[in-house]
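Before we start, here is the structure in question, set down as structure tokens.
Labels for the chains are A, B and C, by order of writing; each one numbers its residues from 1.
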Amino acid sequence: MGAEPVVELRDVVKVFHGHLGFGRFVAVDGLGFEVRRGEVFGLLGPNGAGKTTTLKLLLGLLRPDSGSIRVLGALPGEPASLARIGFLPEQPYFYDYLTGEEFLDFYGRLHGMSAGERSRRVAETLERVGLRDRARVALRKFSKGMVQRLGLAQAILHDPELVILDEPMSGLDPVGRREVRDLILDLRARGRSVLFSSHILQDAEVLCDRVAIAVRGRLRHLGTLDDMLSRAPRWFEVQVAGPVPAEWTGERRSAQGELTLIRVPDVEALGRLLAAVPGDGGRVVSVWPRRESLEDLFLREVGVSTEAAGDRR
Amino acid sequence: MSTARTAAVPGWLPAISAIARNTFREAVRDRVLYLMLAFALLMILASRFLAMLTVGSETKIIKDLGLSAISVFGLLTAVFVGVSLVFKEIDKRTIYTLLANPVRRWQFVTGKYAGLLSVLTLNAVVMFAVLTVVLWTYGESPAPLVPAVALILVELSIVAAIAILLSSYTNPMLAALGTVAAYVAGHLSWSFELLARRIPEGSGRGLVRVLSWLVPNLDRLDLKALAVHGVPIPAGQVGYAVLYGLGYAIAVLVLACVVFERREFRA
Amino acid sequence: MSRIATCAVLAAGLACAAVGLAGLRAAEPSPGSAELLYLPNGRHLRLASSGHASLAADAVYLWAIQYYSNYERSDRHQYVEHVFGTVIPELDPRFVDAYALGGMILAIEARDLDAALRVFDRGIRENPADWLLPYTAAWECYFAGRPALASRYLDEAVAKPGAPSLIARNRAGMVERAGDPRAAWRLWKELSEDPASDETTRAVARGRIADLQQRIDLEDLRAAIASYRAAHGRNPRALDVLVADGLLPAIPAAPDGTGYRYEPDTGEVGAGATRVLGDR
């Protein structure tokens, strides 16, 4: 990974005003982070966190009220830098009167591609997103997954250095999500940088080198997942068959027939439980070490207690 | 896939023509357009039967109806397609992917306009062709009507520019109202001139005079009555009219580009 | 787009528009009527039709035709002059058919020649190059029993560009019917001598000249005989007497060469031959 950042935000503020000046909504409040070249960066947060607004600020679709933004070393919205960026918006919608091929051809023209190069790249990209045999179908007949894939195709058509994706997995079935995941990994393998926003945390866990968690326009966490989560507490979940030692009955988490799941706060307590169970006539079936997941961290930041989160396996 | 980078910013002409072609395709694949065109053609053909009811010159009513159909349906297309052009992109969010590409905003607006203009021209040509055929069945030549049709197109190009300007700024309903208001005011521009002559000297008169120049003088682009009666039209008049329409449309379009440049996209 | 470029293009656009509009205004200082603020009906329609005045004129015309075809309507002629003489001309002053039809309805059905002529006159005023309207007006005058007026309209019609030669013949004939054979004879003579006249006109002219000549001669003769009778109390013995007495410059030679017959007893003159050979 290179050291120079492809995206740089510092103290960015964006406020939306209601009609005729009434009402004021702070979408982004002093946000700042960097995306390094060649990394996959996740911008996470609940709805209303300002993720989409941030991405639009990066593309020049919105202008910040204060703060500085640089993308690929230039100001947002400069055509020279936009030429090296690919973007997929949230819930994309495309001209339904075009076919997939015509659609990509149009975007190819907007990137100044010559006719020969256009047809080559359009074919390659359709192949890459798995839409080659639907190239002549009108977009109005596309399913949601197909639209998403076409949107990705449009984003990578011109082989950009930086790919920005807003909720790329939204509305996709597991197969679709797998495909998008593979695409992102493939992009990283080729040295491209990817910035995507999501509220689906499992994907971030698998894909991202670094993440930022934003809540209500403010940055809460920034760093690699390991960094963030290693500080998190660990505990154990022990599955016991048969009677549960008295000390632990309060820590029962669930029961299923003769199996009981018990939450153990640390290693030392684990040792005591493992020793106690056979004494009461029970049997330890399994031991699961747990650490706080990204979801736990996330929910904690958003203000929901993790007690409920710990109930689930 | 090759790793060669294609970081090219398109030239302004390819960008504008790509968007124009797209807009044209959108309009041409829209069923509403065909309905309107079919209706206009029906009117022209029906005029053939109306002609039987009249006393005297039969072709007068055909020519009148034909030219007015071209004008009215052109106007409807310019307004209703024009105001939704920019709005639809914003509403359906196709504008985001579009503007995330290295296309400048003024190229976008100009491309939309060029596309709209080409649709209007195609409509007018088709309708005029049908009118020509109907006139041929009476053994008459459509040639005297050509300048009138040309000026109808000039009028439409002004109306289309206004529609796009308003569409860059507000929702289709208001934009349509505004454009129709501009059209009606444009046909009453002679009243501004007259008023200016009757008001006594002063700031009021100056204001009305300024208004009479600002408002699109559409009634001066109306050669329909002259063309139908076969009165020869001086080439200079057509030339001035084209110059006026071109200049006015360009000025309005520049305004539209400026408005659009400053626009932010919230949703 | 840079500021400079934007301003430059905007300025160029405005400049073109200004030049164009100035040119259009120079060519036609004021489109539409000059008396805006009095607004009788036709002008309301013109305002409402918003650039489609000619089509609106057609619509009114078609409606009027259907309306006036309904013969059962009572007082159907009440508004003919208004519709054909004011409303339609306001919308389309060059709509010649409308003036013609309106005038004819008024003259033939409403038997109001003056109203008809008002409509015709307006049409003639608005269409100075048109010969059809004065021509139609002339015939309505004739049928209404005003040949002198008719011949004045024909005078107008004859002078219009592209007027068919028929009109000149009609005019001469009309003058004759108006009871002025001498003027008619002069007109026919002019026509026969005019190198621009076609063969038909010349042929008709020769015939008319001969007839008129005869009529004029007979008139002159009768007038002379009557003076003689008044002076002498009896008919002259022969036509030479009239010449001798200075009542006639000479005995007119009949065009067919047979001379005029004179009956001294009754004092009547007539054409010489009662039977002729060939066509004369």
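Note that a residue touches a chain if its C-beta (ideal position, glycine included) is under 8 Å from a C-beta of that chain, and two chains touch if they have at least 3 such contacts.
The shown structure was predicted, so the numbers you read here are calculated from the model rather than taken from an experiment.
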Checklist entry - Touch graph of the chains shown: is it line, ring, star, complete or other? => result line
Checklist entry - Quick one: most central chain, C-alpha centroids? => result B
Item to check | Computed distance of Cα centres, chain B from chain A, in Å | outcome: 47
Checklist outcome for this item: dist(centroid_CA(chain A), centroid_CA(chain C)) in Å evaluates to 93
Item to check | Two or more partner chains touched - positions in chain B | outcome: 104
Checklist entry - Which of the residues in chain B come into contact with chain C in the complex? => result 50, 53-57, 60-61, 64-65, 67-68, 71-72, 104, 106, 183-184, 187-188, 190-191, 193-194, 198, 213, 217-220, 222, 224-225, 228-229, 231, 234, 236-237, 239-255, 257-258, 261
Checklist outcome for this item: Interface with chain B, chain C side, in the complex: residues 1, 6, 9-10, 12-25, 27-28, 30-32, 34, 36-37, 47, 50-55, 57-58, 61-62, 65-66, 92, 94-97, 100-101
Checklist entry - In their shared complex, at which residues does chain A touch chain B? => result 16, 56, 59-63, 79-80, 82-89, 91-95, 97-98, 102, 106-107, 109-113, 117, 121, 124-125, 128, 151, 154, 158-161, 164, 190
Checklist entry - Which residues of chain B touch chain A in the complex? => result 1-11, 14-15, 18-19, 21-22, 25-26, 29-30, 92-94, 96-104, 264-266
